[in-house]
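Per-chain numbering from 1; labels A, B, C and D assigned in written order.
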């Protein structure tokens, strides 16, 4: 493993997987257990109850699949839709692109609404499509809450408003992979039918749990959905929920204990405080980018993401070189530009269990790297801008006052 | 978590998930990392190369899916077959039953060959079916190498011989979940087309990696297989293998380091020594069962499993009570009897990173429990039988001589 | 580290350091912290309060020295005595011998009362000495509660009775290294003036905390004790206790959290239940030894130790060979015979966080080793005897009923 | 433990205990072992050999005491000196003060050479004393290499030169607690007779090993030194070194494995690179302090410490408030001003396994705190100054090029 050794902490600022808090690492530091003993179902029960809180739902039914976000996508789609179903899906960056690719390969009839990368979902077009769809051929709207490739947050409340306005029965399926537990998300209030996230994002766990939450309407839809599915089928889980044994197949013991600890930490901090902290980190990052004289890939403030900032570099700089250098010289892990924005943006992930001084160290590092690659940054400028904001806005740590 | 505390080690003798060796727990005790840095692909490359050794293949292509054995099943089937394809599948216990259920729900035309639980796959019927199948309507043979519910090991070499004898082109898909890394398995020699296992079995890791290994013939078949698949699709992996970045979506960093450590330990002990150790533990367990005057659920010696022993209890005893009592009084985790053998058998899993004295502690515990529930066992008799065999057969630990 | 790898768990049955429970290993799996932050004193306060419970004292003052048992000895002596002071000390095995060696090198006038190894402290001689000591030249009685080398437990209640009978003011200094938290110990009731133990014994932690508990009388004595001391001086600790910062120099953060977890586990099980469990394990071990036809080094039942059993081997066997073989062939760690009993005894430590099935695995291993070295043991006999007793006496695990 | 929870990493910048690297935490994440098995002596042998490298000695004999720096002090003194011996000792801050207090309580005749706090040892006075000491009444010179309370590094080469110049046979005893492994230290070249450090400092381990290294001359002196000692006696260790079992009493298994890992990391980075990294971090910190318009407690550049910077605050600010606020608002742990400089300085520890971006995060935090407490700092100024230097001086990480 010598290949990667470098002194000090790795500064992990990719938008996932993110830093795991020490208490969670500790909770997972354990041997396997029999998942059929009374202990694991007892714990699972609390997990299912508590995980609903991070979706802000009381009526939803959560599933903890031993999978990734990609698997969670598949579970959301195959349990609610049948091959050939028309769905409206928004393409605004690499991750929405990949989801659409999955939707197409799963044989749905995907009505793609594309935006320029850096813009949010085009809801005007959605409005038009809903208005025109008198016969309700649209079975679902698929939308990422936060596009991780460009740092764009979509307005889900507006989507719901449009559906309500047109009294359209389409299901609303939301990829909350890089938003849930970090950006305000309200499953019940916004009438989201399936929401999903992955453990390695704002929950700050290792990869391995794809969390899917289904509304009563989605559960109803699953009864008639014809897509072929077994591993990702909700019905097996529902059967074992009823039995009180919860697991149709073997879960990861370690991740269950880790999830328990992660939820405990989130509730101890307070979910709203967690979201406020992400807002603070996002704002500080954007202020630094501005101070550096660089542009945010996100074109309008309304779409600014509090979990990831994609920074546009001048044409004479290759953003890939920035990411490489960050890792090779500063033990800093930044996100690459992907696909259409490859070489043009680098990304700073600021989600999960992270505090302000960690971010400031990252920002200082980015400044030095920018200088390394020939961009005429004023060293300290971004940090100064971020500090000026943070010094006025960081609250005292409640448990330490 | 108070609900489960008990002094001392939990004696984990379910047939999975199994005991994780301390060096592997240590290797996984870590923060997340950027899986797009040069470090993770460099390590992944060694994993893919080394994991082939535990399948005894040089020509196979392995896939490390972030899933369980159930997901690995699905990957094996959907990548090689098309809906409606005829497959011959052997029902000999709960896990082959579940696989068959999956096969049916995935819309294959499953030709089920059922045996009494406790017997191996009926290869005579396979022979008949192959003999009759002049037009090669059978696209695949699906067989569990080791049925975990009954402790039955099937003879794969014979299956291959039959296929060769009839020059039948059917794919051979093998569930090696509770055999690979513990019971002799020879992918290349036996012409297995897809073999699969799960990380939480003999590899002695947490749940979370479904390892699937495909022969060149299986890879070829995947090009025309029409089953719908995305998350479990081999083609995405193959694309990223070519790019040298390896991962179409986020893997578990912790499990990759854990797998590295697990493989290192297996190679340090020597795969053949690992298999010999399992044979020793299996034999010792069977001798104990015999000494107790109980019957093995496995009806013939040729099917005896070296990874799990299902013990039949007399009709006046409920085996579920044995398992409950083991956990509640002795901190011992045994396997329940499942489905048809519920209440009739309890199971001792003796696979993974386990040594003789651990097993003897378990056997002593089982003796006391048998007495607890009213079976007239002679205390010490099973341990005595096991010790008599082991004392003659345990080798010196090579690294300590 | 390859030198030691062996599959499965190491069976750790030396009488210290002992097995650490998983929750304690987890609690210690952490980075350093500033021990001058408010957090560490807050935790230390609970530790000092709770550690008194394992000494069964309400009036004692505990000290958590970053040292071993040997250092705790030194602290007990140098804080209460002056060079030249006459002390009565009992030599009954290797650890009392080492303590006496320390007492002599610290320049005390040691009045050694020797017993044959395998016997307890000769309290008749103590009685005589106290009776004769009208001028109270004896300043302290030094006694090991449990002699780890021979498995002998001394009767401290009788020592107190004698002191009371003769109204003798000598301090009573007790080495409880291999007894406290495992064998009934009553500091206040028995009028013990200094009691001490080490973290790696029945508390089931790593080595590194020497716990010393001083009675009010001992504290008073420390004010005039002339022995030179700094690191082990109580007065520095007392000063920092008053300040509420607790630590005159840097403690181990990890061990403090570990101690917190260890105490929590002990209180969860119940200290009396912990002691009962040790009694059960001690009895089971002695029954096995008897069944093997071997003798306990401890010559009378009244001295039998519930934390360690020293087993005498026949003259034609070298007990060192048994210990070597245990480690090399069975991954079992047994204790050597020391000094006078080298080659003549091997020791089974049965203290700390241990349960019955672990012990039974060890006993089965010992049987095979005995056979290996040519002793005509009946395999299974010891386990049978132990099981017969245990099956009648193990209680249900309270948290699992 | 809720009392201390705060999101994200704790920023640990006290001058010890310091951040433990993840590989070292992993190495220590283990159960106890029998330290009398062949494994521990085999590892200990490598530790003793390798630990000499961090002292830059080939002729020294190291001892790994289960203790702290305070205990290591005591071991150095009591093994080489007799009560009443005259020693010259330099008082330049809180830690040299504490050592002198120990020297006096151990009954040496301490000739204290005091400097103003913020200055180094007064070597002119040493020169005078040596010149005057024709009869060699001075038995030892005691000096801290780096005074942790004020951030002052003494010039040991000059001390040696003076001793050589006057051909004075006094022993040279050096406290290297906050220097060894971070600041250039050359035991053999500088003729140091006893050097010592603690595991929780630049070695980046938990507290618990006091490492003492003795020159042949010191070993010789120990034969006639009359100070009473047992726990800290070198002779017991030397006896066990000869036996090849190494340990007179129980070591911490976890710390031994941790030390092995810590040394491996240091050698992988290269000891000279480790020292250069500390120089870089020290320089960057001092540049930031200068940019903030604050003074370093250290009065001359020649004494500047590369492991800790004590920052003087203006009289209208209480430095204790800075430290409190750092912890309560920013999850940043800074060092308090001690004793004479209490309230006047706060300390930034920059030693151990630490990298530049970690330090920059700390510096940004300090800027905000300075503003919090009313000091008119220009936000970003210190970070800018540090970055300007670092961006020109950080090398590429060798293992990642």
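To be clear about the criterion, a residue touches a chain if its C-beta (ideal position, glycine included) is under 8 Å from a C-beta of that chain, and two chains touch if they have at least 3 such contacts.
Just so we're on the same page, UniProt names per chain: A, B, C, D = alanine--glyoxylate transaminase.
Since this is a predicted model, take the numbers as computed values, not measurements.
The interface with the greater count of contacting C-beta pairs, when B-D is set against B-C, is B-C. The chain with its CA mean position farthest from that of chain C is A. Averaged Cα coordinates give chain A a centre that lies 34 Å from the centre of chain B. Distance from the chain B centre to the chain D centre is 53 Å, each centre being the mean of its Cα atoms. One inter-chain figure worth recording: chain B and chain C are separated by 44 Å, centre to centre, where each centre is the mean of the chain's CA atoms. Residues of chain A found to touch two or more other chains are 3-4, 19, 25, 29-31, 38, 327, 400.
Residues 2-9, 11, 19, 21, 23, 29, 265, 268-269, 274, 277, 327-332, 353-362, 364-365, 367-368, 371-372, 378-381, 383-388, 390-391, 394-397, 399-401 of chain D are the ones that touch chain A when the two sit in their complex. Remark: chain C residues 1, 3-4, 10, 12, 14, 16-20, 25, 28-39, 42-43, 66-71, 73-74, 83, 101-102, 105-107, 198, 200, 206-208, 227-233, 248-255, 257, 260, 327, 333, 335-336 touch chain D in the complex. Residues 22, 25-27, 29-31, 38, 400 of chain A are the ones touching chain C in the complex.
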